[in-house]
């Protein structure tokens, strides 16, 4: 249908030109037409031959991405042409979405091409922050005046008594490209709805607090502490730290206590009565749920708080 | 001697006095896009210099020796763009095939340049200015490339510094680059009237 | 024997912070606090940490080795007191944060007393072989006592790939407030000279230069006299170097004395130089001649708010807080407790932190003093005045590096040679905008190291 | 745009609005910077330029949309270029014939529409994938968006640079024109600040 | 043969449309070319009419004048228009000449009296002079200095009375170069035109 | 035992020095020039300086307010910018123009880049150049100093330069004259020893603070003594301006048949000493080019920068379209400063690290 429309249109144009150009003009017009014809044919031939003869083998994935791109070579992405961008985006997926002319369609297309290489074995990994202590629940020996970065603060002696807990300067927040991590009351908190599991935060944390955990359930239970201090020391440092008492391990063997610290074996974790009980029995309330719909964690019982308070007093 | 002088003056004029970026607004897209890093900027500048010299010369010849003689002025724009696009694409394929290392350093910029208005713009300006001889056309085209390289390298240097500056969020990226380019254009006005 | 006092040996860059040495330089070395409990950190040196050799409840003797490690770059630790191991647990560490330590409950609470031991001028090191000396040094757990804590045995042992020709004894003590090395040079001159000779013997160096800043004429005098009086004292020179911070940095000292630069990222042996601190040489003599391990050291406790500033002979493992209390009540509100000098020392928060082999001083600064150094909070914009470039002894571009780190451009920071920085702090000291230049550079180095570690994955 | 489930009128409306603001070629996509800077010293040439772009965009979108099923990949861009260059030439001839003054003012910036990314971008992103109606609406939306942007920019510059708008004095008599606004400096800085302003208004939009 | 078929399959659209686009272009050109040519003449005449008030209409002189521009580097062809007043009598001449200005080339329409003795003035056909500075060559007060000035070597001075009609032209303050450019065009090209015209006998060889 | 202790990175002490003290030094350095301006141009000068300072400070305050940043007026950099801008404006400039310039220089020249320290171009010169380009006529109307016969000040219709040739006391600056001299070979008539003396004392038409070479020298030397500025840039600027001014002068065979060393000379080209003392060159050398924010950091870079400024200034003055080239050359060299910094990267004392 379209072809027929085209033909009729062209016929109309021809008619228009012919009527407008009587006499000596026809020669000139035909000359122009012939020249354009020559040019067009010439280019078609040359480019066809060149594309055959001068073909260079490239990574098929790059070709795929290249084909998905608009191929305008506009440079808006900051790269020298679509080819370079295709190559770059393959190496560094963070560059996704730089193609302004392509918009979201191209972004989706490339994302789907890139995702082909991500093997999907097991549940998706999401970060869990192994600390649950708010700023007011921690002990500070001194005030840190300086560069507002966890890495910097971590390099200095213990202004914050706990050497293992969250520092709250937000290196992870800055690392997160998806606005999925925020420091809330001095504690890094994951917004699981926005999280894509890119692992940037876990790489950024100088204390290795953020672990990528395979989320077998919607919400995962976790021991939100990373401190290997002995119970007494841990209590003096933090109201909600793990004291390594081993109550949880007695309930279910999904919990393992090592070096004064309880850990949950995430690969074996399944929601169970026993695990729930362990959580209830934990004296400092360090066992919590983490996930998109995790309930608000239980506040610690009075006793450890009182101990910490007493410690602080003297 | 006079010819040499005139050529030198033409060269200086296109490089600084009539700089394509700062006075004619040509090649702004890559100027904004590829001035983020200085090595990229330099590669881009080199590629533009190469292409603009090539296409300036080619289009001058086609325009003056074929189109004008045949009275086919009307096909000028079509011819220009096809010649530029075709030549660039061929050169790119050629370099990619036979000089892979050269391709890595500046060949990757070649396709980007096809749609760079600096190239077509210069060809059109050559026509508009009524350039007298092929030699002058070559010198002017080459100078235009050099001027573009200079402009983009200066901007790349500035932008490397700006990366460390606390530029207001809404001005980051293209806006601040444009403002900087404006101030550079202001500075380049000092050269105005130097060469007539 | 040659004494050069007039020389104005210096390096490029550097600053002149107020010296403040008058507070403690007249106080001779006194016994430190009596210790009830010591915590011997198992990681007191650069290199592999020790593993504990004793368990909870074990009885230990004074001088008994309680931690060791098989690694080449390491040094054992010893108990300074006789007593019972209370626990092997985590204690605060100035660099590492929390680090394992052996905590020993002393049997008898007693002040550490300095052994009265003088070496006469005719000390003959010839009866000790190089291997013997190295072994003794290693067994005594001697590490560089100037601050870095590099195992001394590794340093002095002859290395066929990098033969050492010149040994520089660092008596500069360029940091404000600190006078422990100065008092050592005045009071233990003979021991130091003996240590120097032993180190020379062990390392095979042909030339020895004792470098002392020219603001310590008494120490220059004493050391020159001792060297002059000593037999086989030839080839030992005493030179006065210009008083300027960081004259005591080993790279700067080498530049000042030998007019040679240690390659960037390299170590002094690459150009045939060995640098030892004076306190370290004294410890060497003690270890080799008396077979006494390094269990005590002289620590300067100073600061305007300290009632009795001075130099104290303390057991390693004593808590910083105990030592400060021993020096009298803190008279004013203090703001910062610094382990080391105010230029390079580490501010500490936990006063239970034990003294280590490398801690030469505790400086307590008042609010007024750090108020002027109103870091971070009162930071203004860098105006690129270039003062940090002028004072940088390593000829770097500190502001550029700091800003690159701040903007997370680690590649750029590296291209400005961030790793060549010795963290002397001159740039932060002079910065009119109060930018924590040194802090940013340190942070940047950590970032880079982490990035590098992740690379292979 | 390919979502067929939605009503076609919604689709048209959205396509039109996209060009006007959400995907405004200058402010959002940063396309077609050269003419944006070069012809905005006054409103009249800016408007003329905008009309030329609308014309070329419309024609090329129509042609590309018509032959979208016949395009072969490696000659696709060449086809676009050929089409655009042809219509640009026609626009140029038309200007020269009926608006000689404007043609002179715009000079080589009319033929430079050939390399204006907006047109080839729309041909690629919209016309080569959509039917005739959508392509036409897209062309109108984009073109009007471009023209509007140009006119706003030119309006600001013309008022400041000459105290006039459409060559009609609007500023009080005591106003001394800011000549710099008519020069490259003014072009760059005004556009830069305007982009900043646009970014500011859409901060919540990410 | 396969290759040819493949080629045709691939590129028939390009070739066909190239041909039709070519036709389209040429057709438009053919239709519009006369208008374009007329526009240019109209503009020249309009400007020239402002200079030569008595002129009724202008007649293109068939013979082209060739002058040297840019210090003898290249030759330029100039079309002269004869201004015809009442009664078909020649009241002056007008032509367009160009020369390098502050930034780009300045094109002027120059009018002279019938005897090529006195300048009737000039109008700027096109220029890219700096607005506010060089742009003032379009302003009356500067242009009026030329009206009635003798054809011959003009002299640019920095100070003086602009109202005086003589061969001294007072420069625009701050835009000496633009002023100079106009004077240079007058001195260079106009004189050459006069020379050539005299040689061709187009003007009365009075002297 | 101890409460409220803090920790931070070493060093824990610092030199009592602040950005504000640096800026105050610059203001003190500019005081002689301001005094000279006040002496020669009376109230006019004081009003202009006050206007620029207030406008600059207000703009900075507003910009900080908009960005919700702490007020940065305390560092006095806006005041310095205002003073320098005022000193480079002609005395008769209307107040509103000065305000426009001040707003432009702080808003566009400085705050859009992120405030002090981040600006690529010297803000005062950005403002000055913008004014010069925008309001050409206003920016080239000069007043005769008040100490001279005030009857001389008259402005010709349509801004055409009119003056009595026998007197040098005109509205034109010495540089405008020299430009004219170069173009028209009129030098012989326009120069006199009095003119040269005028450029030294300041009793001559021109921008507020640029006229008096002596006042600028005093201020510059104060800054050098206080070590607020390094000697590299001023020296490089002056030497290169002198050399590049001297080359065409010395090579001008039409004038000199043999070498001449007269302080004042008349010819096609102007005596290089005259170039140094006239126009904004001294102000530029001591106060503008030395602006640390926009100048290179390393010494080698400073030399290149200074030589570049001197060369470009002379190039524009001698062959360019504008009589004065200082502002353009400063902006141009500011633009290439990042490249210079890159070129003159410092190598660590121990040499480049060996990559193993």
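Before moving on, here are some points about what is shown:
Order as written gives the chain letters A, B, C, D, E and F; numbering starts at 1 within each chain.
We take it that a contact is a pair of C-beta atoms (placed from the backbone, for glycine too) under 8 Å apart; a residue touches a chain by one contact, two chains touch by 3 or more.
From a predicted model like this one, the values you see are computed outputs, not experimental measurements.
In the absence of chain F, chains linked through touching still make up one piece.
The interface with the greater number of C-beta contacts, when A-D is set against C-F, is C-F. Most remote chain with respect to chain C, judged by CA-atom centres, is E.
Rounded to whole angstrom units, the spacing between the C-alpha centres of chain A and chain E is 65.
Separation between the centroids of chain E and chain F, computed from CA atoms only, is 43 Å.
Separating the CA-averaged centres of chain B and chain C is a span of 60 Å. Once the centre of each chain is set as its mean CA position, chain D and chain F turn out to be 42 Å apart.
Annotation for chain F: residues 4-9, 108, 112, 114-115, 117-118, 130, 133-136, 321, 341 touch two or more other chains.
Multi-chain contact residues of chain A (touching two or more other chains) are listed as 28, 31-32, 35-36, 39-40, 43-44, 47-48, 51, 72, 74, 76, 141-142, 145-147, 152, 156-157, 159.
Multi-chain contact residues of chain B (touching two or more other chains) are listed as 23, 29, 74-75, 78, 82, 115, 160, 164, 166, 168, 171, 176, 179, 183, 186, 189, 192-193. Across the interface of their complex, chain D is touched by residues 97, 100, 108, 112, 130, 133-136, 138 of chain F. Chain E contributes residues 10-11, 13-14, 17-18, 21, 24-25, 28-29, 32, 35-36, 39-40, 43, 126, 130-133 to its touches with chain D in the complex. Within the complex formed with chain F, the residues of chain C that make contact are 12, 15, 17-18, 176, 251, 255, 261-266, 321, 324-325, 330, 333-338, 340, 342-349, 351, 363, 365, 369-370, 372-373, 375-376, 380-387, 389, 393-397, 399-400, 416-417, 419-420, 423, 425, 428-434, 436, 438-439, 442. The touching residues of chain D, counted against chain B in their complex, run 30-31, 33-34, 37-38, 77-78, 81-82, 85-86, 88-89, 92-93, 107-108, 111-112, 114-117, 120, 180, 183-189, 191-193, 195-197, 199-200, 203.
Interface residues of chain B, counted against chain A in their complex, comprise 29-30, 33-34, 36, 40, 43-44, 47, 70-72, 74-75, 78-79, 82, 86, 89-90, 93-94, 96-97, 108-112, 114-115.
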